[in-house]
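What follows is a set of structures for review.
Below are two complexes that have subunit A in common, paired first with subunit B and then with subunit C.
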Partner chain A sequence: MTWAYRIFALAIVISIWEMLFWSGRIPPTYLPSAPMVGAALLGLAKSGAALQAEILTLSRALVGFALTLVLGLWLAILGWVYRPVREALGPLVELLRPIPPAALVPITVFALGSNIKLYLFVVVFVAIWPVYLTASSALSGVSPILIQTGRSFGCSRWETLWQVVLPQATPDILVSVRVSAAISFIAVVVAEMLAGRNGIGYLLFQRAFAVQTADVFGLVLLCGVNGMLFNQLVMLGSRFVAGWHLRMAEEVSR
Partner chain B sequence: MTLGNVRINVWGTVLLLGIGAGWQALAESYGSPVFPGPIQVAKAIVENRDAIAGSIGITLRRALMAFGAAAVTMVPFGILCGRLRWFGRIVDPFVEFLITVPPPAVIPLVMLFAGVGDEAKIAVIFYACAPLILVNTMEGARNTPPMLEQVARSLRFSRLKAMAQVSLPATMPAIITGIRLAIATSLLVSVTSEMLLATDGIGTFLQRSQESFEFAAGLGAIATISIAGLCINLIIKFAERRILFWYYRDGPT
Partner chain C sequence: MSEPLFSNQKADTPEHGSLLEITDLTKGYGAAGTLPVLGGLSFSARQGEFLSIVGPSGCGKTTLLLALSGLLAPDSGNVTFKNAIVSGGTPKGMAIVFQDYSRSLFPWKTVMENIVFGMRRTADRSWRRARAAELLDSVGLNSFGNHYPWQLSGGMQQRVAIARGLASESELLLLDEPLAAVDAQTRADVQDLLLHLAQLFGQTCVLVTHDVDEAVYMADRVVVLSNRPTRVIEIVDVDLPKPRDQVETKEQARFLEIRHKVLNQVRNMRGMISEPIGGETK
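Take a look at the complex of A and B:
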């Protein structure tokens, strides 16, 4: 049923788009028709430029995202085990959180050069906060009764963490993981626009300055598809990690 | 630790001071203008105070204008989509797709249509804010507890009165969540758009200082953005507690 609505929505967009194009009010240099964009995407794919950019951008985003997850969760766990760590990080996080990825790029290029280190630094710097903040509040929000039950079964503090607290906090953490995945991809594209010599962000700006409008439309669509791909990947991962919880939620809603 | 009514985060202060001191010591040992310490950054902020204050003003004004436009249009639209189920179902896939296209990716496209001026930047910020408010408002309007509506009906409220006194407050927590996200996003995207479409604002100031190797001024601009963001977040938190006091008092239902 949802698919029917999706196809219907797509049909509306394409027909309005085509009507605008054929009305001739907007010159095709600014608004290419849908088939023109399709042809441009095919051309980009054939020349290998788009494929290479796609692989570069996705691999940067994925590696950065993985690093973000590991660091963010590790920090949150550390803060749960040693409360002063969590206290100490509070004000620092509030100060670093509002800094946009773009603002970091020029100075990072100077310090680290325009290579993979740049992308990893920028991604981790901006994508870590949702994971860290959500994970640390989810961990500390676990009911004390559960923790005491774990204790009375003779679990150590670390065992309680692995067997009781983390499974309980997982569903909340997974929501923030999706947010972080999206931010990772955006950060890589922005960094490529500002400092890159390759990748989707760089290609986008290059084509825009060459007024290759059809290419630009095609690449923006490609970005959207990438966003969906990332989202699906995380959903798949969540099913793997916390399938029990999702199945339970479905049972309840039924 | 508490001093009177004020709670002081000892560990947080220690960490911040420690990082500051370590950074300063490291900068001193390098002793080059390429690696300024916090003291040099503070000096650069004071030296460039007029330029920085003017730039951040421009940035915040654009963020606010775009956010305001998004809030004014998307809150009513979201309520409409949430109340009229069939309409919401048609809008859903559009939003789903728009949300996956990152705002910075739209910048080159907007540049082709609107150039690099105010309109282009406001359009990009609007594009970034609108889905956040829309999605949250829609969800809120959809999930109004049916019990509340039945109570309004049995009290013989008119449709309009029920909307204003029951539906709107019930949707308020969700709307505020969207607004909070959108305000934070508007500042982020405002700076990003200024760096990519450089004309004026703190993003452009930042980029110009880096290009002319005035790193202290560049870091000063980053610090200004960070403090502005912090203040905005605090104001929102305060306002949220004020507006939704009943929600926090009774706990989420």
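Take a look at the complex of A and C:
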């Protein structure tokens, strides 16, 4: 039944799109129809341009996302172990957090060059904050009773962290991991647009300036599909590391 | 060197044969201990006895329990367990059952895994699951090993927590109001289960509770605490026959007499203002 609703919603969006197209109010150069976009995507796929861009963009986003997770968690753990670190980072994080990826590219492209370093820097810089902030509040929110329980059974400080605090905080942290996954992908596309020589973002800008609107629409659609892919990946990972929590949420709500 | 040759004097000191000894324990909170909580407590728990600790609300029972278990460093005085001073963590052979079982059991571990966690400093790895199964059986939950704690009722969860405590090969079980959050029927059941297990596994138990009935029913001795800064008012011997029975024991004149005495002491403390009394000496 859920699927029927989903297909229905999709059908409505495509209908409105088609109605706008057939009304003739917007020139087809600016708004191609759904079949035109489909054909454009097929063309991109056949020429191999889309596949190459897809592989480049996806691998950049994945590596950047992985780095973001490692660094964000590490920073949050550091702040949990040494409280002054957390206190010191507070205002700095608030200052850096709202900086958009597009603003980062012009100030780093000359120092780093248009290469993987730039992509990783931009991704980590914009995607790390949700992970860091959520992880740090999830870690400090773990009940003192749970920690005392661990310690009473002889856990050292590090054992308490790995065996008690992190497992308890994981479900909360995962929520922000989903957010960061999407941001990672967005950041790569933006960086490619502004300073790239290849990838989906670059291709998108190239086709836009050539006024090949159907291609642009196709590539935007591809971005959406990639976002879904990333989300599914994180969901799969969540099930693996915190499946108990999903079951608990399901059973307790029943 | 200066030990007396004849130690017959030592035999009749009250501390003889004690597993846990608390001497002049003090603890305050706030800057420079501006809020004194424990005001110089001394008592001991003998090997194999069931000791209840009661006192008026807010007299720092949980602080005391954390200090006993080495999770909280006292300001002065000390706790000795098996003739070694407790500091910097809970010593092997001591286990805590917390009041808040829902925050004390690990929700990501099954019941079986929670109990196995209790053995992390003791049992050989290969034996752990078999031993956990035995313990599950002894708390009447043998078919719930693969459940998660949050799939069980409050009373069942607390039984898992008790089994986990026993799993650590404890000699001393510290019970922090373990039954405060369960319904009356379950409470009576788990009380009897605790008494049975304490005897079966030769556990010395220290039960901290608000409930005077429970304190007297369970105990060999009841330690009555004062208001803050907390001290021991009296240690009452509970000379009731064992095994105890929820109906029989509680109808005995001696039970009512002890209950009356303890309840009065706690109630009198409740009416008092907990200000430091000027000129009071040790």
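To be clear about the criterion, the second predicted complex is superposed on the first by the 254 of 254 C-alpha atoms of A that agree within 3 Å, B and C clash if a C-alpha of one lies under 4 Å from a C-alpha of the other, contacts with A are read in each partner's own complex, and residues count from 1 in each chain.
Note that a residue touches a chain if its C-beta (ideal position, glycine included) is under 8 Å from a C-beta of that chain, and two chains touch if they have at least 3 such contacts.
The shown structure was predicted, so the numbers you read here are calculated from the model rather than taken from an experiment.
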item: Combined model on subunit A: subunit C and subunit B, fit or clash; value: fit
item: Comparing the two partners subunit B and subunit C, which touches a greater set of residues in subunit A; value: B
item: First, second, both or neither for A:L146, with subunit B first and subunit C second; value: second
item: Subunit B versus subunit C as contact partner of A:A242, first or second or both or neither; value: second
item: First, second, both or neither for A:R207, with subunit B first and subunit C second; value: first
item: First (subunit B), second (subunit C), both or neither touched by A:Q168; value: second
item: First, second, both or neither for A:P27, with subunit B first and subunit C second; value: neither
item: Which superposed partner A:L96 touches (first subunit B, second subunit C, both, neither); value: first
item: Subunit B, subunit C and vertex subunit A (Cα centres) - angle in steps of 10°; value: 90
item: Subunit B versus subunit C - smallest C-alpha distance in the overlay, whole Å; value: 13
item: On subunit A, positions contacted by subunit B and by subunit C; value: none
item: Residues of subunit A defined as touching subunit B within the complex; value: 2, 5-6, 8-10, 12-13, 30, 84-85, 87-92, 94-107, 110, 182, 185-186, 189-190, 193-194, 200-201, 204-205, 207-208, 211, 213, 216-217, 219-221, 223-228, 231
item: In the complex with subunit A, residue positions of subunit B that touch it; value: 9-16, 19, 34, 89-94, 96-97, 99-109, 111-113, 184, 187-189, 191-192, 195-196, 203, 206-207, 210-211, 215, 218-219, 221-222, 225-230, 232-233
item: Complex contact set, residues of subunit A against subunit C; value: 143, 145-146, 148-149, 151-155, 164, 167-168, 170, 242, 244-245, 247-248, 251-252
item: Of all residues in subunit C, those that touch subunit A in their complex; value: 66, 69, 71, 89-90, 92, 94-96, 98, 100, 103-104, 106-108, 117-118, 120-121, 148, 150-151, 168
